[in-house]
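Below is one structure, written out as C-alpha cells, with a few remarks after it.
Naming follows writing order (A, B, C, D, E and F), and every chain is counted from residue 1.
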Amino acid sequence: MSEDSALFDKGLPIRREVLGADYVDASMAKADDFMMSFQRATTAIAWGWAWGDPTLDRKTRSLINLAMLTALNRAPEIKLHVKGALNNGVTVEEIKATLLHATAYCGIPAGLDAFKAAHEVLVKEGALK
Amino acid sequence: MSEDSALFDKGLPIRREVLGADYVDASMAKADDFMMSFQRATTAIAWGWAWGDPTLDRKTRSLINLAMLTALNRAPEIKLHVKGALNNGVTVEEIKATLLHATAYCGIPAGLDAFKAAHEVLVKEGALK
Amino acid sequence: MSEDSALFDKGLPIRREVLGADYVDASMAKADDFMMSFQRATTAIAWGWAWGDPTLDRKTRSLINLAMLTALNRAPEIKLHVKGALNNGVTVEEIKATLLHATAYCGIPAGLDAFKAAHEVLVKEGALK
Amino acid sequence: MSEDSALFDKGLPIRREVLGADYVDASMAKADDFMMSFQRATTAIAWGWAWGDPTLDRKTRSLINLAMLTALNRAPEIKLHVKGALNNGVTVEEIKATLLHATAYCGIPAGLDAFKAAHEVLVKEGALK
Amino acid sequence: MSEDSALFDKGLPIRREVLGADYVDASMAKADDFMMSFQRATTAIAWGWAWGDPTLDRKTRSLINLAMLTALNRAPEIKLHVKGALNNGVTVEEIKATLLHATAYCGIPAGLDAFKAAHEVLVKEGALK
Amino acid sequence: MSEDSALFDKGLPIRREVLGADYVDASMAKADDFMMSFQRATTAIAWGWAWGDPTLDRKTRSLINLAMLTALNRAPEIKLHVKGALNNGVTVEEIKATLLHATAYCGIPAGLDAFKAAHEVLVKEGALK
C-alpha cells in the first residue's frame, strides 16, 4: 500500500531504536511478500502512528505496553517489549512493578504468563543480578 | 477476611486520594455485606498491593491503567480511572495519546469504546476546553 | 435446523427449570424468526448438550458459570445465571465466594462488573438480608 | 497527525458509503479535538487502510466484521456494522447465518449479545418481515 | 451423547472435505474416550451445525474464521483454518487481506500472531511463490 | 512486600496440598528475586485469599478453575489445575464434563485448546484407562 508510506518512513527509525536495529532489519530482510504486508502495518501503525507521537516518552510507552500486552495475552509481544523497555532505560524493578500492577488488574494466570515471558528475556539479556 | 487487613489499611488512603474521597467513602458507606467483600478485595489488592508499591509514580500507573483497561474491555473502570488520572495530574493530551496508543495495540473497536468512556468523564469534569 | 431437535427437546425443560419457566417461555414467545434461531442454539447447545449431561450437578454448573462468565465479560448472562443459581439452591455466600475466587483469577475490573451485576439481581430477588 | 492524511482521505468516502453519510458527517461535526483524534484514527486505519484494499468485496468484509466483533465483545460496533452490512447488500439470512457461525466459535453468551445487538438494529431499520 | 448424532453425521463429511480427510480421520482414530468427547462436540457443533448451514459458502466461512480466530487469540485453530481456506479455494492474497483487516480491528499483536501462524502453514503447503 | 505475609502464610500450605509440595517447593527454590515477587503474589492472592476461604470445597474450586481458565485462554494454568483437580479428588469424567460445559460457553477453539492441555496432563499422570 502506498498511502501508508509517510507513516512507515516515520515509524521505521523509531522501531529500530526501540526494538534494536539488528532484530528489525533481520525481520524485514527475511520477510516475503506475505509477511512484508504485516511488517508495513506494524511499522506504520504501531511505530509511525502510535510511538511517533511525542506526547508520551518512550519509557512510559514501554511500561504501558507491558501491562497492556499482559491483558491481551500476547507473550511473544511481551518478550519483544521487555527488550524494548531495557533499550528505553526502564529498570528491572520498574518492569517487575508494572507486571505486578497488571497482575492485580488482569488476574493471576495473566501475571504468571507475563512474568515467565519477561523473565526469559531478562535472563537472556543478563539484566538480572 | 482478616488476613488482608494490613493491605486494606495501606490501600484505603491511596484509593481515596486517587479516586476521590467522596466517591470512595460513598461506595463503602452504601455497601452491604455482599458488596463490602468486593470493596475489601479491590482496596487491598488493587490499591494496597499494586498502587501501594512506590516503584512507579501515580501518574504512570494512571496511564498504564487506561491502556490496560482498554485492552480488558472494561468501560466502567476506564471512567473511574480517567477521573483518577486527572487527580494524579495527567493532562488531557496525555490521556488522548495513551488511548491512541492503546487503539493501535487493541484495535479500532476497543479504541472507540475507550474514547467514548473517557470523553464522557472529561466533559463532566470540565477538562476539555 | 431439524438436526438439533433431539438436543433442543432435551434442553428446553432443563432451561425452564433453571432459568424459570416464565422467563424462558416469554423469550420464546416474543422471538421472531431471527431471534428464534438463537433460542434454538442456546437451548440445544447450552442446555441440551452441556447442562443435559448428568455428570455434574446443577449447583456446581451454576458456580462454574458465574466464574466463567466473569472471565468472559458477559454481564447480561451473569444476571441470568445468578437467578439460575438461586433456583438451583446456591446460597448468597457461595455466589460471593465464587465471585471473589473469579476476581483473583480474572482481575479486579472483572470482579467489579460481576459483583455489580450479581448484586442487582440479588437485591431484586430479595436474596440479601 | 499529518502523516495519516493520505489514508484518511482514502478512507472517508468509503466510510460514508458503508456506514451512511449522515451518521459519519454527524460524528465528525460534533467531534471536539479529543474525539476528532479517534475519528482520524478509525477513518485512516479501519477505512482507508483495511476497507480501502479492494482484494475483498465490501459484503465479505461486513460478514467478517460481524463475526469478529462478536468475538471481540463489542456490541456498539456490531450495531454500526449491521447497518453497514445492510448498506452493502448483505441479507438478513446472511447476518443470521454469520452470527450462528460466530456462536459456535465464540460461545453461547457471545452469541446472545451479538443477536440482541443485531436484532435491535434490524428492527429499527425495518429489515425484518 | 446420542442426541447429537444427527449433527455429527451431517458434520463429519463437511469437516473431512474442508480440513482434509487424512487429518480428520487421524484425529478420530487416535482419540481415546476423553478426546473423542471433544471430537464429537466440534464435529456436531462447528461442522454439522455451523458449517452445515448452506446460507454462506465455504470460502466466505473460511475468511470469517480467519478473522474471528485472530480476535479469539487461537493460533492452533488459525493454522487448521488456513489449510481449510486453501482447500476451499481461498487465495493467498485473500488470506493476507483478511488478516490485515483483522489487524485493524484486533490490534497489532493479534495481527502478528495470526500472520506468523498463517505463514507457517502457507510455507508448508507450498502456497507462497 | 510485608503487608501480604498473613495471606502468604495462609496460602502456602493450601497451594502445596493442591498443586503438590514438590512442584511448589521447586518453584519457590529456583525463583530469583524477580520471579519471587510473582510467587508471593499468587500464593497470597490466589491461594491465601481465594482458596483459603472455606465457603467452597476444593473440588468445586478445581472445577470452577478449569472452566474459567478455558475462558481466559491460559493453557499453562489449565495444566497445573488438571493436576490439582486430580489431587482434590475430581474424576476424569468430571474434568471432561467441565471442559465440555466450558466449550458450549467459550466456543469450539477454546474447548480444543483446553482438551489438548488437559489430555497431556491426564496421560502423564496415568489417569486415563
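Heads up, the rule we're going with is that contacts are C-beta pairs under 8 Å (C-beta built on N, C-alpha and C of every residue); 3 or more make two chains touch, one makes a residue touch a chain.
Heads up on the chains, UniProt names are A, B, C, D, E, F = 4-carboxymuconolactone decarboxylase.
The structure presented is a predicted model; accordingly, all values stated were derived computationally and were not measured.
Chains that touch both chain A and chain B: C, D, E, F.
Counting the residue numbers used at the interface between chain D and chain F, over half appear in both copies, so the two copies meet with largely the same residues.
Note on chain placement: the centre of chain C and the centre of chain E lie 29 Å apart, centres being C-alpha means. The residues of chain F that reach two or more other chains are 41, 45-46, 49, 53, 69, 72-73, 96, 100, 103-110, listed in rising order. Chain-to-chain contact here is organised exhaustively, every possible pair of chains being in touch. On the side of chain F, the complex with chain D involves touching residues 104-110.
Put simply, chain D touches chain A in their complex at residues 1-4, 6-7, 10, 41, 45, 48-49, 52-53.
The touching residues of chain D, counted against chain C in their complex, run 73, 92, 96, 99-100, 103, 107-113, 115-116, 118-119, 122, 128.
Within the complex formed with chain E, the residues of chain D that make contact are 45-46, 49-51, 53, 55-56, 60-61, 63-65, 67-72, 93-94, 96-98, 100-106. Listing the residues of chain C that touch chain D in their complex gives 32-35, 37-38, 41-42, 45-46, 69, 72-74, 76-77.
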